[in-house]
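Per-chain numbering from 1; labels A, B, C and D assigned in written order.
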């Protein structure tokens, strides 16, 4: 019987939700922060043979401090392979070897489309965001895409202002029509209130589990589309003792994840 | 006034003819034997900044013994860059940075087309030859192609049995029609009897100079097409004292070039 | 053999001679090995109407945009990383300050593929990303040549083709190079090698100039051969505030200062006055750094000592 | 982290488990780092109907053709280099001995581009060679998919496209690898990296197995990451009679013996009986070599000692 301590934070719960999506031997393309934490929890628990890579060209890094970017110096010493952007994005991702990719964005819509380009009109934006970077190819080509998002009606959207990274685009069949590889696409949206999965028949995200301190109603109120609810909807499993131990003792002794609480992940 | 000793061999003369086609700062893609000798004579005399590369991935090698193949171990230590086939054939040759390429073949025709694939019918060949290797791309993409050949009616042909490597194909405009880059193509055929150049108007090789111990008539008799003769046709300039010194003292102290005499280069 | 003597010049000379107004520049770096000394010099010399490209642009591109030297940007991404959105980039796009730059949007797959195509003499390459996204719906100065959609002549499937890029000049920073430009690099590569080899001319900035003999001791590390290089500049600490593996760490607190300064037009201008216009070259920049932040701060950036193993190419 | 323990097996096990009759194999090497131990094992196990590819094939491919294990060959070139035409190759094509193999002809540009396309997930690539030659007029088992000619959708110009290749198995020989398959190489590269990464599975043969920690001391030398690798075999002297930079030289006199032997079917068979079927594995092969030619001949092949410089990846 698993033990679930209850002194966890929301970012810790979210990181565990991400970790549980990763299977042993998965090849995982990560950014910094959450994705790395998720992948590392997985590799320290149920997925010891998962492998991490960063788009900058690094495979199986052994950083001695948490990386602050995908090009962080600490990713260099001890990695198993350091190549180029094209090795990671072309030779591994485009060639179909990446099992899991993590994404986040300023807007995420019900089809799992993500906007990291502009808020407002493209030509006269209210806010210019960084752009695609590696997000579009990851969302196009990774077998499973895990999306991390803040759960409110501003970050979640019926339709993003700009599809930087395709989810299910405008519904079933759209990825196939655009020639995106079969069996790719968003698998889950992990927010600070819930875990949403995708209905293959409609391409829409539905509520799979809600976090312990919230409710189906609260989640639906904070979701700007008519959120469907799974038949077997239930409370999200809290972090296990083992997951929390790994997270706090091995991966994040200085509690960097708490920075996400200040960003609203509560 | 240049001094021309007369105790030179035919391969030595041919190597000097090749060297004289190379200009300072030329980037030269070489094989083994003759091409390397030509390029090295040039770089030790009038073209000190010429750079040599081998298709296997080597740039500016510093071999301590004559290389017996383009993948010879002696090409590794001391080279300025060792990469891959694609670095040389793609990044340098296909991208248009190779000024000079050397080719030879079992058959060379009047358009400078070269056969290294089969003698006889392709499907039932009399003799199966090695194939293109790097020859076709070199002949397609190097700015100046220098062809080394034995001068007889078997090696030279009106039309090769198989165009492995395109010269001017079937005449003027053919390279352009096939989309080969402008200002590329064979520049010269250097044989043991003569130096032939190409008439831009017809794409055919014509006699530019004949070697000292032969004659226009002898060259024409040993050429299986109606060989045109340049208005300013003259005797080939023999090796200079300096060229011979470099060749014998620096590049080929063990007289490996003499092997070509046994192969008929007399 | 009697090669010419050297291509070694100062950064001032390299930029003055080889970077022209209106040029299309590839600038290497990925936090790792950003050629910041060159970037400052380009701003100092007041170059105009440049087109820039690199995958994952950062503070260096933001600074050039803020300084007004950029007209066009073939982009995948621009941010200050840990320090958030690029302030100058936002001001340019949102408010036209100092002017609105034109942006052609690609991704960290498609753009390096386009540079690879340029480097390898391919007219275009197929890519599997961008499909179905709004990146296909926005076209800027490249117009209809931003990409093409075809049915594959092999199996009829929808295929996106993107064109080769051929920058006028590439500027890269590497660990070491010889006097003629054979450039050697290790650690995170980004799109540096394809970008450099796609360009018509390459300016190599390096931590140290080494002999041709040293280059020849490990030729597999060379990413650009000398004949592609027009200038070699020795600039120790040349990537600061970025890092160079084996030499020095990222200067995070300097990054924070840039973020804070660039929050306002005035702050940004003051930053340029202090760190770009207020110094003549990289030597004065480092001098100023040491005076301003102390030698111990400078020294703390130096890499620790942890060397690997040498290999042999002999036979 | 708790990675699985090892993929290290014997060559006999690697070939038995991962090379199936009818497979499409990429076999690395360019005189440099030819995986000869694997080639002998494939012949010893009597594999059938293989399709082979590599740019610039040599004695190893000739031997497999002569031994009858090959059905098809995606080719650019096959010769014994200094020792002339491939005897077994000629007998196969000219006389059908032991049988006539099918040959699809490409070049040392187009074939590695096709492997690169396979490695990088591109369905096809444009190439600028082959145009106007008879290589376009001969098509074998690839039929109309050997290449396609299109008008570029960018500028209308004639463009040749060649398809990506995806070998079932790649077999490469490198200087060092760890127990899980991270493979490191230096010196002449040929098409080894693209060929390996184009394949569905990779068998890594290496001079020495090193620790993961040693790999991490110089990660820029890695050409294949562990997750692509299904078997790692430690085979010192594994490329003989080819060479491995830093380890041993080409064995020219052995090459001459192969040429002489392969001049006739009987001589070739005797050669196989002695060097392939007459030994169980690479250890017995080397034992036989030393007994037959003497230890001093063996020792003379060892590389001289000339190491370069170590580098650091620290910050």
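Heads up, the rule we're going with is that a contact is a pair of C-beta atoms (placed from the backbone, for glycine too) under 8 Å apart; a residue touches a chain by one contact, two chains touch by 3 or more.
Fair warning: this is a prediction, and the values are worked out from it, not measured in the lab.
J.: Just how many steps, at minimum, does a route from subunit C to subunit D need if it may pass only between touching chains?
T.: Minimal hop count between subunit C and subunit D: 1.
J.: Report back the single chain whose CA centre is most distant from the CA centre of subunit D.
T.: Of all the other chains, the one whose centre lies farthest from subunit D is A.
J.: Could you give the separation in Å between the centres of subunit A and subunit B, each centre being the mean of its C-alpha atoms?
T.: Measuring from centre to centre gives 58 Å for this pair.
J.: Report the inter-centroid distance (CA atoms only) between subunit B and subunit D in whole Å.
T.: 29
J.: Please report how many Å separate the Cα centroid of subunit B from that of subunit C, as a whole number.
T.: 40
J.: If you look at subunit A, which of its residues touch at least two other chains?
T.: Expected reply: 58, 73, 76-77, 82-83, 86, 90, 93-94, 141.
J.: Counting only residues that touch at least 2 other chains, which ones in subunit C make the list?
T.: Expected reply: 121-122, 127-128, 157, 159, 186-187, 189, 217, 220, 243, 245, 249-250, 306, 312-315.
J.: All pairs of touching chains, please: list them by chain label.
T.: A-C, A-D, B-C, B-D, C-D
J.: Considering the complex alone, what residue numbers of subunit C touch subunit B?
T.: 1-4, 118-122, 178, 182, 197, 212-213, 215-217, 219-220, 222, 225-228, 312-315
J.: Quick one: in the complex, what on subunit D touches subunit C?
T.: The touching residues are 121-128, 145, 148, 150, 152-155, 157, 159, 161, 163, 175, 186-187, 189, 214, 217-218, 220-221, 243, 245-246, 248-250, 303-315.
J.: Under the touch definition given earlier, write down the residues of subunit D that touch subunit B in their complex.
T.: Touching subunit B: residues 30-32, 55-56, 75-79, 81-82, 85-86, 89-90, 93-94, 105-110, 112-113, 116, 127-135, 138, 157-160, 186-194, 243, 245, 249-250, 252, 306 of subunit D.
J.: Using the touch rule from the top, collect the residues of subunit A that touch subunit D in their complex.
T.: Against subunit D, the touching part of subunit A is residues 25, 27, 43-44, 48-49, 51, 58-60, 62, 73-74, 76-83, 86, 90-97, 141.
J.: Could you please specify the touching residues of subunit A with respect to subunit C in the complex?
T.: Touching subunit C from subunit A are residues 55-58, 68-69, 71-73, 75-77, 82-87, 89-90, 93-94, 117, 122, 125-137, 140-141, 162-166, 169, 174-175, 177-181.
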